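Each of the two complexes below includes chain A, the first together with chain B, the second together with chain C.
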Partner chain A sequence: MNASERFFRAVETTGAWLLALLWIAPLLYAFWAAFHPSEYAVRFVLTAPLTLDNFVRAWDFAPFARYFLNTFILVTSILAAQLVLCTLAAYAFARFEFPGREIAFLLVLVQLMIVPEILIVENYGTMARLGLVDSILGIGLPYMASAFAIFLLRQTFKTIPRELEEAARIEGCGRLGVLWRVYVPLSKPTYVAFGLVSVSHHWNNFLWPLIITNSVETRPLTVGLAIFGAPESGVDWSMISAGTLMAVAPLLLAFLIFQRQFVQSFMHAGLK
Partner chain B sequence: MNVTSPTDAVHGQGGSASSRLTGSRRGFSVRSLLPLALVAPALAMVLLLFIYPLGYSLISAFTLPEGGLGLGNFAKALELYSRDMVFTLVIVSVSTVLIGLVAILIGGYLLLGEQRWAVRILSVLYRWPLFIPFIVAAQCMRTFLAKNGLMNNTLTELGLIEAINTTSFLDWRGIIITFVWKQAPFVTLLVAGAMAALDRATVEAARGLGAGRLRVLVQIVVPQVMPTLVVGLILSFVTMMSVLSVPMMISGGHPTMMTVDMAFRINAYGDYGTANALGFFSYLMTGAVAWIYLRRGIDKEGAK
Partner chain C sequence: MTSSRLNQVYGWLLLLPAAVLLVAFTHYPTIRTLVDSTFSKSTATRPARFVGLDNYAMLLDDPVFWQVAVNNLIFALGTIPASIGLALVMALWVNGKLAGRGFLRLAYFTPTILPMVAVANIWLFFYTPGIGLIDQVLGLFGLPGRNWLGDSATVLPSLIVMTVWKEAGFFMIFYLAALQAIPPELKEAAMLEGAGRFTYLRRVLLPLLMPTTLFVLVNAVLNSFKLVDHLFILTKGGPNNASSLLLYYIYENAFSFFDTPYAATLTAVLLAVLALLAAGQFLILDKRVHYR
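Presenting the complex of A and B:
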């Protein structure tokens, strides 16, 4: 290795370290503030004592166990409904011809262009008429027929060779049997990739749950976090950071455990 | 759009068992109803919770406070918030471009990097913000980027800047930093996945012919992953247009983003007309971007 190569390698190493550190800095900061006493929240002192007191105070400050349960019910019910509704619709759009198909698909695509948050006022009225204000079903209902999932699954189903469907039909499979035994198993990477996006999006969703809920029994984690208030209102950053870490810990842990599967799913999903 | 023909889809098995089962009137009827039954639940929800409120919000945007239809709400929205509309478009556009650059850089390094341990560290670290909610990202950034936040305090303690010279990044810069930090991992994940799925032979061939890594990235890798990159960027653009917590928490002053203005019109004045007019402008921006993607997809299907 000559001097020039050594120089570029050193630049590359420094650049990679710098980017990695910059990227992780805000999260490292949250860890730092959460595990140290309040007086060290914005001071970086290597000898600062470690403490779990901030987590204890944050846990006592808000009913986190209830928020965790609400969030878990919310994301799993949304995902379950999305998988069923969108799989059926995507199969019909991908493999059947029926009257009004183009218009129906266009209506679904319009949803892809506009985020549901913009329709909050009208959706609140609909939920009020359905008696679903301040309920977990009310938070999840607007997201259950996901245009993104229908579009993604339709694209994936269209790539599956018809010969496989034909073989299954000869073996006596009904149309729903073909969907269940051929299309769904072959689209597993797309389902995993979509599941990841859906769970992280709804775990993190804030605005709609903030509007539609008004009790501890239904509030998800993100809305619960908001009650910690602003730093300038006297609440200390260490406790906010501890609450923040508790809120994101399940997703981060799940990601650390399943990251290989997640990344491979995105690789095979062919999102384009 | 090239769509599956009915005979392909339903009778597509040619002389197979299925086509022999299609003779009866009952079989024909069930087959005709099945796709409608499959689509009906999802379509009903789209109509009830999306198309209906969308139509209602558009009517509300065109309904004047004193009754009747007109463009009064749009005029008011333009008069009061035209600066914020431009600000929103600029912030989200700049963030989108930066997200694209970061995604290409990280994805490219993961594919072409020669320091294995550096690649491994970067591949683990870049994904973390993916699982942080926008409100939490804003909270982290607010305490990190403030004038007396950890970033400035650390730089001061390291002697790199004087305490008196520290500046707060809690303005348009903070919004962009937060958006890029939060959304880049999602796009990078898509782009890095597409890059990893590429045929390595083309990359190796170019490297063998003496092309530098930057040239390989720009001329060989990026063009091949461009469709995936565009999808990720459009999804990020639409997501960022709808975020309220980041502009509200990072930058309290003016100009600000349209979501903050919409929340303000509703909370302070109960002015749904102007809020819906602002929403209409937001639809135009996201709709224009999403249309590019859909047109591309439709053209591609047509080409097949």
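Presenting the complex of A and C:
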């Protein structure tokens, strides 16, 4: 390495680290405010005492336990429905010949562009007619048939050699047996990738849940957090930071532990 | 029944459950939006009636609509090139041999997995006049602070900065995946030919990354229209609609002003924008970029 290359490398490393520090600064600040008494929320002195008091106050201030439960039910029911419905649909598109298949596939892909967020007005009307306003099912239903999942799984299923399917058929597997014994197990990386993307998306989703819920019994964490952080509840940065950290903690922890898996899943999902 | 006939029935049966939900929550509401946009608002004394394109005429005369449309354009132009450019730089750094690249990748990607609402809560403090972090830092250099979110001149740029921060790491992932698929021999060959780093970047890497750029671009454009979560926390579209975006204005009309036909008319405009985007993507795809 010559001198000019070494110089460039040094500049780049410095730039990369500065940017990285800038990128985690908001999170670092949230940790600072959450673990120190309120009077230190805007004063950064190293001798500030540590405390868990903000977490206790935040937990008492809003029904976080209920919000956690709601989000957990929401995220798992969406994922479970997506896995079943989209696996079946993707299998149909990948391995069955039926009239209207191409046009049906194009119609599925429409949802990649016209995401449910855009259609909040009409979907609210539909939910009202179905009597599903203010229910967890009402939050999840528009997302359960995911064009993204169907597309991803179809691409994966298509790469699986047909010989494996024929072998299983000779062994006596029916069509669903083949799907369950051959296609699903061989597509595990795609399922993991989609699962992580789906869970993080719906854990964080806000607009539609905000519209369709109006009680503590159904509200997910994000909506609870928005009410919690509203200026009407008095601006207490330490408590808001503590509440915010609690809301993101499960996902953040999972991400830190399974970092490689997360990054690879997002990559995998984006490449297909 | 012949076996191929049976297969056809099987195919449709497998597709059916997903198809029902897709039709109910994507296709039906899309069509219903267009229909509703041609009806008047129903009141207690008068039911809705067909008004043709009256709602669209009203929209053209609505100064707030134009302001929101311009805001959305500025928001898109402010966030898209910056986040894509940063994403590329991040990916090149993380893909290289810099010290601590595991940490760098983690730091860049972290905003992606945080909910926008939570992030907005934290950034709200950064932008608070006087005691907020940005004003404190400015104060260290003797510069005056300002009301970042309360001033119509600075509110949109402030939101743009936060959105770029939120999105760049997500787009980085796709560039990183593409970079890892490029064989290292390519770089060696280019260096042997005497190409410098920037020539290699411009003549070899960027063209190879073209499909990724297009993919990211489409996602970024889509995000600039569907991402309004932060407005609920930071500005509620204010001051004086200076930070309102199209989807937020739709939300206000539907759920604050209870004007469903006008909300449907605005949604129809948004759908038209997305249709144009889809058509544009299709054309560019056809012409220039080769997908694997």
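Keep this in mind: the second predicted complex is superposed on the first by the 238 of 272 C-alpha atoms of A that agree within 3 Å, B and C clash if a C-alpha of one lies under 4 Å from a C-alpha of the other, contacts with A are read in each partner's own complex, and residues count from 1 in each chain.
Here is the rule we use: contacts are C-beta pairs under 8 Å (C-beta built on N, C-alpha and C of every residue); 3 or more make two chains touch, one makes a residue touch a chain.
Every value quoted in this text rests on a predicted model; they were computed, and no experiment measured them.
Enquirer: In the superposed model on chain A, is it clash or fit for chain B and chain C?
Expert: clash
Enquirer: After the superposition on A, what does A:32 contact: first (chain B), second (chain C), both or neither?
Expert: first
Enquirer: Touching A:126 in the superposition: chain B (first), chain C (second), both, neither?
Expert: both
Enquirer: Can you list the residues of chain A that touch chain B in one structure and chain C in the other?
Expert: In the superposed arrangement, which is not itself an observed complex, chain A uses residues 9, 12-13, 16-17, 19-20, 23-24, 26-27, 29-30, 33, 42, 85-86, 88-89, 91-93, 96-98, 101, 104, 107-108, 110-111, 113-119, 121-123, 125-126, 141-142, 144-145, 147, 150, 175, 200, 203-207, 222, 225-226, 237, 240-241, 244, 247-248, 251-252, 255, 259, 263, 266-268, 270-271 for both chain B and chain C.
Enquirer: Under the stated contact criterion, what part of chain B meets chain A in this complex?
Expert: 1, 3-6, 8-10, 12-14, 16-18, 32, 34-36, 38-39, 41-43, 45-54, 56-57, 60, 105-106, 109, 113-115, 118-119, 121-122, 124-137, 139-144, 148-151, 153-154, 157, 181, 186, 189-190, 192-194, 196-197, 227-228, 231-232, 235, 238-239, 241-242, 244-245, 249, 259, 266, 272, 275-276, 279, 282-283, 286-287, 290-291, 294
Enquirer: Which bits of chain A are touching chain B when the two form their complex?
Expert: 9, 12-13, 16-17, 19-20, 23-27, 29-30, 32-33, 41-44, 85-86, 88-89, 91-98, 101-102, 104, 107-119, 121-123, 125-126, 141-142, 144-145, 147-148, 150, 158, 162, 165-166, 169-170, 172, 175, 197, 200, 203-207, 222, 225-226, 230-231, 237, 240-241, 244, 247-248, 251-252, 255, 259, 263, 266-272
Enquirer: Please name which positions on chain A make contact with chain C in the complex.
Expert: So the residues of chain A in touch with chain C come to 8-9, 12-13, 15-17, 19-21, 23-24, 26-27, 29-30, 33, 42, 84-86, 88-89, 91-93, 96-99, 101, 104, 107-108, 110-111, 113-126, 141-142, 144-145, 147, 150, 175, 200, 203-207, 210-211, 221-222, 225-226, 229, 237, 240-241, 244, 247-248, 251-252, 255-256, 259, 262-263, 266-268, 270-271.
Enquirer: Looking at the complex, which residues from chain C come into contact with chain A?
Expert: 4, 7-12, 14-15, 17-22, 24-30, 32-33, 36, 86, 90, 93-94, 96, 98-101, 103-126, 131, 133, 136, 165, 169-170, 173-174, 176-177, 197, 215, 222, 225-226, 228-229, 232-233, 247, 250-251, 254-255, 260, 263-264, 267, 270-271, 274-275, 277-278
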